[in-house]
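What follows is a single structure, and I will ask about it in a moment.
Order as written gives the chain letters A, B, C, D, E and F; numbering starts at 1 within each chain.
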Amino acid sequence: MPLVNIKLIPDGITAQQKAKVIAGVTKVMEKVLKKNPAQTIVIIEEVPAENWGAGGEQVTAIRQKAAK
Amino acid sequence: MPLVNIKLIPDGITAQQKAKVIAGVTKVMEKVLKKNPAQTIVIIEEVPAENWGAGGEQVTAIRQKAAK
Amino acid sequence: MPLVNIKLIPDGITAQQKAKVIAGVTKVMEKVLKKNPAQTIVIIEEVPAENWGAGGEQVTAIRQKAAK
Amino acid sequence: MPLVNIKLIPDGITAQQKAKVIAGVTKVMEKVLKKNPAQTIVIIEEVPAENWGAGGEQVTAIRQKAAK
Amino acid sequence: MPLVNIKLIPDGITAQQKAKVIAGVTKVMEKVLKKNPAQTIVIIEEVPAENWGAGGEQVTAIRQKAAK
Amino acid sequence: MPLVNIKLIPDGITAQQKAKVIAGVTKVMEKVLKKNPAQTIVIIEEVPAENWGAGGEQVTAIRQKAAK
């Protein structure tokens, strides 16, 4: 009964992509760990780019620099 | 000083229900573990049904099938 | 299908107390939110006092001062 | 740059299985969401059966009943 | 490669304050733990006051009482 | 009342370094967000290198390659 929590910056992720992520990750748990898929829970948490930092900088700032 | 994090699909949860969840869970910590209620923190995180998967499927899809 | 994550400093918590916490919290979800208990997951994470900080201090240090 | 957190009851999971979980989940993120695999982080957290509850019961208790 | 997750009640937090939190926390990791800042991830999660409980009460209720 | 959760590979982190991380992060919250330090909680979770993946690979494997 694994619980999988995925945090990501949404960047236009669609409902269909979410469905594929849920299906794909559940399959990995089943194939590698023999976990019953009925008991795997997957949660996707969408975090705004402004709230995500890498290398000490907001992703919004990193992207603005990259776009220049 | 327990920290309790509750993730759920909101399904119309009201402010009053949230208050009761916070009070109820804090009381469990006090009664079972003798934890000072003043130091128990409870956080409720609301996750859209589209972002929640069980059995490899989005809850939105599970519910659509169940409604048929 | 709520997911409840409880982080606490173990302080000698027993298996039986864990069982009571799980039962108690699941009952709160059922009573307040009408959530099917079969689908409530509760996870207890034990954090050493040395790894827990409050008020800018390690709990180990806070307790040493309190014991003096 | 998704962050994936997987909580599970270890049940004898090997280092090699962990490697396969990490590789498999990272591939799902790349394939479905076009996320650069270099920026995907996967963390596996092992939770003792005694600390995991489902349906209001400890998994240790559920398994003991099932074994009878 | 530390992952830092900060949950807080937003209370009017600005994008600039978020940037300073990210920079400041990343610097602590570098200075104290010699962690490469390029590999530190910081995520800020904003939780409504209604969903946050302390001492068995919603923060919204605590604040209403304090304001009286 | 921010809650800060830090996950890291321990790599010989000492109790004193943990104390400095807790103090430093709490100070950032106070300085940038004017949060009362008495209400800031910091939790450090130590994750074995074998359970941490980046770029689709276990950190143990990444380090073995780097050491060659």
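Criterion: a residue touches a chain if its C-beta (ideal position, glycine included) is under 8 Å from a C-beta of that chain, and two chains touch if they have at least 3 such contacts.
These figures come from a predicted structure and were not determined experimentally.
The minimal number of chain-to-chain contact steps leading from chain A to chain E is 1. The chain with its Cα centroid farthest from the Cα centroid of chain D is E. For the interfaces D-E and B-C, the C-beta contact count is higher for B-C. Centroid to centroid, with C-alpha atoms defining each point, chain B and chain E lie 21 Å apart.
In terms of their C-alpha centroids, the spacing between chain A and chain D amounts to 14 Å.
Among the residues of chain E, those touching two or more other chains are numbered 1, 3, 7, 21, 25, 41, 43, 45, 52, 54.
The set of touching chain pairs reads A-B, A-C, A-D, A-E, B-C, B-E, B-F, C-D, C-F, D-E, D-F, E-F, using the touch definition from the header.
Those residues of chain E that touch chain A in the complex are listed here as 15, 18-19, 21-23, 25-27, 37-46.
Residue ranges on chain D touching chain E, taken from their complex, read 1, 3, 41, 43. Remark: chain C residues 7, 45, 47, 50-58, 60-61 touch chain F in the complex.
Of all residues in chain A, only 1-9, 13, 17, 20-21, 24-25, 28-29, 31-33, 35, 52, 54, 59 touch chain D in the complex they form.
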